[in-house]
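Questions regarding the structure given below will be posed in turn.
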């Protein structure tokens, strides 16, 4: 039994690789029912009339791409399908390319026009300073969009002066930007805020859900998969749920088995 | 041809039906008895508030429409509001009054219409249903003004002033009396035990810094604790290794360890190379520190400061070599991994408390005490507030209302 | 000279801090214009911070190369990667950097095919270590760790679709853990941390906390 | 001996990687263009990163240092195009020399100077000027933090729910939430000894904390596994083309 505890960790690595790869290859579908947290965002966007303005802050970088990019894409599909005007921005320099490509690709798929139906404002630094500046006047914070067009002339921004004029704001975050959006954005300028985040920070967001400081929460790939189910466009996130299930079971078995051995060998130091 | 005819017939039928229902529901409209306009309190000069008592003939089919004008005598043509008559009641008025805020700036271009000075706006209230319109006789007017204090934020302001006073008072107090009581942090005893065991085994002690630089409070606290560990290590005559990822933290740590050895009367035992840069990037740091744990079979590992994803690999490697491990971090996302892999973990603010406990720095002590008082107030408010709310009194929630 | 080096920074921090804290309570339009101007300035200043990061990184690796510390050869790749990216960025697909940023240039290629895959893979390595730690070191060694592991197992199973197949009550239990005990504890932590952050801000404004100024005279 | 095996292993993997890619290029599965070569580069970097699982090795170190360099280069260029160019260059400098229809924004001079001062941090003689910029930014941050945090994270987070709610489960939950918040705050209360009632409540606080950490633990496992799933999807879908 001692030997079982001391196996080379690379054998465990092989187990993990298999647990992820095999379910992707054989493909079996598991139902992904939507939780009320994710439904909060879906319902909000679904209730918006055509031509409403939604601001999406892509506050993540490539390190969290696999969790947040599917979420961003699903959200964009929903907005463009419902003919909602999308305004993108980022507070993370590493997120600009990902955000730009997501908006442009999904926008094109629905035949939407840049500047008319959507715009990517690009990157600004200073986090809470950017939020407050946008809360006072969005054209002051972003005089130019990502491609260098003057924002004041953009048809998509017609009727938008400051954060208050957005019908919904969604922050997709890999760091602490949701807290900043709550304290310096939503609470200061009164708008509806939804949040998507990596699973690592997901549990920390529950106090804000309970106090209704955010209308909904998507956490991690699971959140993205639920959103994909809601908009009936299953893609990589839903496909990821079967390996996710298998690998979770594997980790749980490891924990149980490891502790079993630990107690059997007399908990020695 | 027959299609047009059909539509015609249908429309007549529907129209008759529709007008019949509205007539039934609405009867004749009775306009509200009064109509007031005033500057919205606690705001900038952008909005005007309108208030009027409810009319007895309100129904889902009736609407209120407000028209505005810049002059009393010019025709009221700009529609600034259109609401269902059953909505927008004033908070706390039991549906007896309607209250709306209007931003006239959105409808009028001030510069072109008014030459200099503040502009007043005039409002006319009309109650409408499908069959008739009635206008309230009074024309209300108001001038939006900027206000100099937001009275809705008064409780926030009082908290700011009170808390500032507490922080100052206790820092001053701690300067005079550095023996301010702090509860024992049990992790600190565990540190001594771990050092004792390392001495018995004759193996080195490894102190691992987190990833943040000297600007972070976690690192400052970690350095304070390092000083204390170094004194004990010098007394026990064991080897202490300190791994760093930041050059500035490294030079500060070297100073601290050197001073501690001096204080313990063992300046000869200090070896500068034992406080070293392990790497400059996250993953190479993990690889380097893990290598040390495995090669040197360290008997005790300390993880102090702010950690990121590397915490898991570090603590796991340490646990697999059988070392006693003690962690202290305020990085809440990494705490679960330290708790399950280390023998003792100082959670969150306990790190600062431990550092204040050891350093007796008035700044840290005083601030900690002021924060404790603030927590005490919040705890009492929560308990009393919930008790009062249970018996139906909302006094505490009124005091702490965020608006 | 000490006045310029020590006192002026403390005065600036004090004035800025007090002014911006009180600004919050003043809804007057003058106060709003102030907020707008000052935050606009802050954004521009913060933009320059990129060069501080760049200097620290390049300085560190340059020293490694200069002193020929073991493994210095790897540091040349930092300069190689940064150099190529900056050159392509400035070249901007032939338009050069004074014109608007072009789409689909080599600069973008570097981003999508070097930075994105390497960055995205970096933390996925931890998936493997997580599993190995689960097997070898996540032990219920104390009653606290036992509670932690039980909650973790329930959440791990309850949050994935397979949880409902194992036991239909797992997902609702996991949801309850998230929104009641987890929420309460996280709220306690949030309130404590916020009080700490407010205390630190106060100490900065009143010049008691000076760590941000750096050492020296 | 051991090192020799490692070098051999590395060589074989490299050869295999080349053969697979040449095969893909020849059969046209991957185009010989920016896209196809991009996928090959991305795959090479992904695999180089995973080689860390075998052990810390030169291939991993090269990939990591290259990544650090590219990310820094990207950050610099993006800052130029998104902040310095539109906010400083085009508002202040261009209108000085060229008639763009806009007057130069002279107020931009102040933050620009403070921004440049910030960079003097690395000079020996003038580093004190950088303190002015830090004092401005840090003072500003501290000032706006205080009232907004009091509002959003303290006042808004304090809920005073009746302990007798609409249903029994709701009442129990309201009670547990109150108990959890209060006991966690008491655990982080340092001015009183944890004895008697305080000790008991702080013990409950520890349990709440442990359940919350357990939840975070579960979510973190989920997060890391999701990242891995994403990368494996990339490898077997975009590169090998086994799944769609």
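Read from first to last, the chains carry the letters A, B, C and D; within each, the first residue is number 1.
Following the convention adopted for this analysis, a residue touches a chain if its C-beta (ideal position, glycine included) is under 8 Å from a C-beta of that chain, and two chains touch if they have at least 3 such contacts.
Keep in mind that what you see is a predicted model, and the values were worked out from it rather than measured.
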Shared touch partners for chain A + chain D come out as B, C
Chain-touch separation of chain A and chain B, in steps, is 1
In terms of mean CA position, the chain most removed from chain D is B
Per contact tally, chains sharing the most pairs are C-D
Chain centres from averaged Cα atoms put chain C and chain D apart, in whole Å, by 5
The distance between the C-alpha centres of chain A and chain C, rounded to whole Å, is 17
Between chain B and chain D, the Cα-mean centres are separated in Å by 20
Multi-partner residues in chain C (2 or more other chains touched) are 21, 24-25, 32, 39-40, 42-43, 45-47, 49-50, 61, 100-101, 111-112, 115-120, 122-128, 130, 132, 134, 136-139, 141, 144-145, 148-149, 152-153, 156, 159-160, 178, 182-183, 186-187, 189-192, 195, 198, 200, 202, 212
Each of the following residues of chain D touches two or more other chains, namely 52-53, 61, 64-65, 68, 71, 74-75, 79, 81, 83, 87, 140-141, 144-154, 156-158, 177-178, 181-182, 185, 188, 209-210, 212-217, 219-222, 225, 227-228, 230-231
Residues of chain A that touch at least two other chains are 13, 16-17, 20, 64-66, 93-94, 97, 124-125, 129, 132, 146, 148, 187, 200, 203-204, 207, 210, 222, 244, 247-248, 251
Among line, ring, star, complete and other, the chain contact graph is complete
The answer for chain D against chain C in the complex is residues 34, 38-39, 41-43, 45-46, 49-50, 52-53, 58, 61-77, 79-81, 83-85, 87-89, 107-108, 110-112, 114-116, 118-119, 121-122, 127-128, 130-150, 153-154, 157-158, 173, 176-185, 187-188, 205-222, 224-225, 227-228, 230-231, 234
Residue set of chain A touching chain C in the complex reads 5, 9, 12-13, 15-17, 20, 30-33, 35, 61-66, 93-94, 97-98, 101, 124-126, 129-130, 132-133, 136-137, 140-141, 146-148, 203-204, 206-207, 209-210, 222, 241-242, 244-252, 254-259, 262, 267
Chain B partner, complex, touching residues on chain A are 187, 200-201, 204, 269
Within the complex, chain C is touched by chain B residues 42-46, 146-150, 153, 156-157, 160, 163-164, 167-168, 171, 214-215, 217, 220, 247, 280, 283, 309, 312-313, 315-316, 319-320, 332, 336-337, 339-341, 343, 348-349, 352, 363, 367, 370-371, 374-375, 378
Note: in the complex, chain C contacts chain D through residues 4-5, 8-10, 12-21, 23-25, 37-55, 57-59, 61, 71, 74-75, 77-86, 89-90, 97-98, 100-101, 107, 109-128, 130, 134, 144-145, 147-156, 159-160, 177-178, 180-192, 194-195, 197-198, 200-202, 204-205, 212-214, 216
